[in-house]
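Think of it as A, B, C and D in the order they're written, each chain with its own count starting at 1.
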């Protein structure tokens, strides 16, 4: 049983094909097929975790198959603390996304669910591959299903948004590719293996590392996204269907963070060392800017989208501090933000279906109309603004503690941005849930959707109260990479 | 005996046969033209088999072949007639791209 | 030992919160209330036992478990029982218990009763958790949860727009303080490597002086936010839109005390930094003056009490600042009793009259004597009239101030305590005194609402008896100095204020309207009524922030996105130019090849007639061609 | 003999031309038979007795009769359809004729010589040409079966 990792990628991939074939016979059956496949993947992931030794920070369960030997590339899969948490997040959010699509996605089901599974396979592939070539292939694969999900099942301006999303992220990944090639060309050994190259790039001169890092930076800055590369995100989110937003905010943004750590931090430490103050300033600007822009939003969904931008700024801030705490907190923040933004986007989609609008100014009196959804919205908002006892707080706390030992003034500025975060969430709540209602909501039965959100809520609370559950995976990894 | 008139005859038959094949539209007539061409070949085979009898033997085989060909060809023509009630080869262009 | 089970105190409350929120609609309205009251009764009994055992034995207890691991550091979570926390536990659970009983009747007709009691239970649980916590991080978590409950409960009546803005204001303003406090905690952690109180106290001295000052000021910032000190006091008056039991419990008796509790907790650190303590003292006394001054002219029955709360917490903070920790805590205890009492009484008045404006009230004395007499005890205690609890705690604070020897502070303190009786007896007289022109409401409140008031009045009345034993029990000793003259003087000042208030508002011997005609008094009145315009300027600032955010979002739309779109447009233009080049040039070549093939193939296609006859024709032509070529090349 | 053969050749060519040109199908079939007969005479003139015999037997007898039979089956009026591209055909064929005739006009070889008796040809067919002979027999067999298959009626 040492093919667990490749199975993790293959099951959704093959499952997508099976789902498509099932869809040719019975359209209704696709969602059951997709759900069962994603759950099987989840079970397999749990099995993988039992084999995973949390005390070791290194890659484990490594699989190696020969592939493009002529250029030194091979299929190399491995899992460590960082990828384990992100793969877990991917699998969970895929199940949630399927739950959120259960009733809402009505057209072209037989191609929708396979795309979702393809997305899952691509994302798992990105997080598990240890070879730059297959990493990059998976990286690009994820764009395709997302593009179609936005372009076919999206809102009114879906074409504009999907093309913007595609061009933006694709262009940025080209910069990443350039950097990868640069690393490859400068390495004395002809290989694309990430673990091998990680050791080689350490020896590069700081100038060279910085040059390479610029490409990597553009790659992850667009993906995460960092101001001023963020403008694709609100458009994509506003136009994407709810499950699309869940996957986009929940996992796709994490690819940026993943590259930041895996390539940026682990491979090019001297470059980050040089760029540290700039990165800190950029991330603080991101936090403040996203906060203020979010405050001015009229659309509930784009407000949440901007909050994502702000939250990912914290990840950059943490990693740029180059401390154990900062990086651990950054990873924690990625997971936490994945859960929270998925929750918020789901709720937002349900509210839109229920009352027919997402305009904040028209939503007043929501509490009277849909008490349950309002409850979850309030919960999500407080989780988003970093209420202690919820997961976001632990992440922010850890990041800021890490950053404090690197910079003091910057950190205090960053902490002040939490007030901005709090104010736009609270002000949004003031305008939505309070007041007399002028809405007429439809009676929609949300049982399945709310059931699929329950794991998110429980995890947000558990990760907020008992952080060791995640830190057990993150800590050894972070200790290993910071000790280099 | 000088070969001249054999040559003239065979060439003449080939040309006439070819002319028939490319201009006529009646399948039976085309078959007739083909028979003329085959005959022209036979004339040459027979006339020039001076050293041994191989040429003549070959010509006898050609005759057998042409008999078979006519047999099948006429069957096709008859079938064509039965299907289309019209035996213009211009109409039988199922081979067209 | 009962102290080991202290961690059980918040547990039933959290469970009740979970039940009430999850089973919201399936739960009967009454059941939810009884459940919550039962849970809080349990916490009350347990807290009382702990308090008694702490009072008798004076022992401490500290229990902890490993919580999580952060890098090198293991973070522990635990609970700490000492005199300070056991006193706070008692205060919190006692007031909670009484307020819960009161709410059973007060909220009887409300449809969202399960939500109300659930949130109230969460509040009590978090507050006890805050008190129990043995480290800064755990304390901060509960600290924020308390803020969340405050937010939810102020906004309980969701359809009111004031509720929305009031709750927002409360959360955001306290959030500012919380952020400061969080910064302080993190700063401390990065230096010391632990969140625990004991570890921090042990190694705090190793930090540099500046760092100590900054950390302590940041922590004090948290207290300023939560305890509504200047300049973050603006949220309390607005918080009064919440249901009255909430005001009594959260915004008078417990939550706002969290800041004082925090300061008392970090008192070992404070005593090493005279700069910080003097800053705290000035903040406290200025807040006390501000609150008392603003309370003088308000009209809303609850807002007067709100400003009074600000003022009295100012006293407590001031007491911390002059190192009178036990004085501060004793005042905290007294204030919890009488302020909860006054709020509950205000609740009775509001339910019975349906009004909030005290200038339109009166004649309340006539409706049964129990509530007015209990309220009178509360007012006397608040005013600092001997021999009630308020007088004792005030005297203790004064003693501590005198030990500091700063006479500016002393005179400010006396001035503030002069104002207390005036505003509170204005309040009392306007509501309760006989006045023929004014009507009394026709509703009457039941025993569930009256009983807690009487109980609180008893406590407020008897609290003074324990002042010396309290002083001994507390970890900090406060010597009663030889300031008897000053004590008598300050009491006289208070009594003067009391007499003045009686003369003006009750006996109406001095006409207040004539005083108002004086320009100076008019200006003073205006400033007092508008609370020095601090709130208004904040609102303006808030609007500025908002308009800035609108600007920012427009900027984002127009410029950031615009730059990208401009790039896009540029790209489109270039591409359209290059497209024409492409069409004619590069594509032209490709298309030319393709077209020529297409053309020739369209010619060739014509050959493919499907007629064998035609094919033979082509064979013929081909043969001819080959022969011609052979002819030519062969010569 | 030589001049007789020339005349026969001439008649063969004329009748072959008439096969192509005559409007009536029956006429052209008859001209075809005549042309076959002429070719048979040419065979005999070079001593190919066996071939001359089977030329007359198979072509004029079997093939010619079959053609006539088929003409009666198929065309009710017995008229052939018009030709196409008369003149361009003539040009092309004339070109080819010129190209072939031009080099072969100078050939002055003797023809004939060996006697094509039946027994000689038979011996040849069963020795040197045995395999082609057997293949031809199979081809004939399959042609017969094929032809029968092609013209069978579907409804039977």
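We adopt the following convention: a residue touches a chain if its C-beta (ideal position, glycine included) is under 8 Å from a C-beta of that chain, and two chains touch if they have at least 3 such contacts.
Protein identities per chain, from UniProt: A = NADH dehydrogenase subunit M; B = NADH dehydrogenase subunit K; C = NADH dehydrogenase subunit L; D = NADH dehydrogenase subunit J.
It should be emphasised that the depicted structure is a prediction, and the values quoted were computed from it without experimental measurement.
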(request) Sort the chain pairs by how many C-beta pairs are in contact and tell me the top one. (result) B-D
(message) Suppose each chain is reduced to the average of its Cα coordinates; what separation in Å results between chain A (NADH dehydrogenase subunit M) and chain D (NADH dehydrogenase subunit J)?
(response) 86
(request) Mind checking the centre-to-centre distance between chain B (NADH dehydrogenase subunit K) and chain C (NADH dehydrogenase subunit L)? Centres are C-alpha means, answer in whole Å. (result) 110
(request) Return the distance between the CA-based centres of chain B (NADH dehydrogenase subunit K) and chain D (NADH dehydrogenase subunit J), expressed in whole Å. (result) 6
(request) Give, as an integer number of Å, the spacing between the C-alpha centres of chain D (NADH dehydrogenase subunit J) and chain C (NADH dehydrogenase subunit L). (result) 116
(request) At least two other chains touched by the same residue of chain A (NADH dehydrogenase subunit M): list those residues. (result) none
(request) Scan chain C (NADH dehydrogenase subunit L) for residues touching two or more other chains and write them down. (result) 617, 620
(message) Multi-chain contacts only, two chains or more: what residues does chain B (NADH dehydrogenase subunit K) have there?
(response) 18, 22, 24-25, 90
(request) Provide the full list of chain pairs in touch. (result) A-C, B-C, B-D, C-D
(request) Going by the contact rule at the top, pick out the chain C (NADH dehydrogenase subunit L) residues touching chain B (NADH dehydrogenase subunit K) in the complex. (result) 605, 608-614, 616-617, 620
(request) Would you mind writing out the residues of chain C (NADH dehydrogenase subunit L) in touch with chain A (NADH dehydrogenase subunit M) in their complex? (result) 21, 24, 67-72, 137, 140-145, 148, 151-152, 155, 158-161, 163-165, 167-168, 171-172, 175-176, 179, 182-183, 186-187, 189-190, 545-546, 548-556, 560-561, 563-564
(message) Taking the touch rule as given, give the residues of chain D (NADH dehydrogenase subunit J) at its contact with chain C (NADH dehydrogenase subunit L) in the complex, in rising order.
(response) 92-93, 95-96, 99-100
(request) Would you tell me which residues of chain D (NADH dehydrogenase subunit J) are touching chain B (NADH dehydrogenase subunit K) in their complex? (result) 1-2, 5-6, 9, 12-13, 16-17, 19-20, 25, 28-29, 32, 35-36, 39, 42-43, 45-46, 48, 50-51, 54-55, 58-59, 62-63, 66-67, 70-71, 73-75, 80-86, 89-90, 92-94, 96-97, 100-101, 104, 107-114, 116, 120-121, 124-125, 128-129, 132-133, 136, 139-140, 143-144, 146-148, 150-151
(message) Under the definition above, what is the set of chain B (NADH dehydrogenase subunit K) residues touching chain C (NADH dehydrogenase subunit L) in their complex?
(response) 18, 21-22, 24-25, 30, 89-90, 92-97
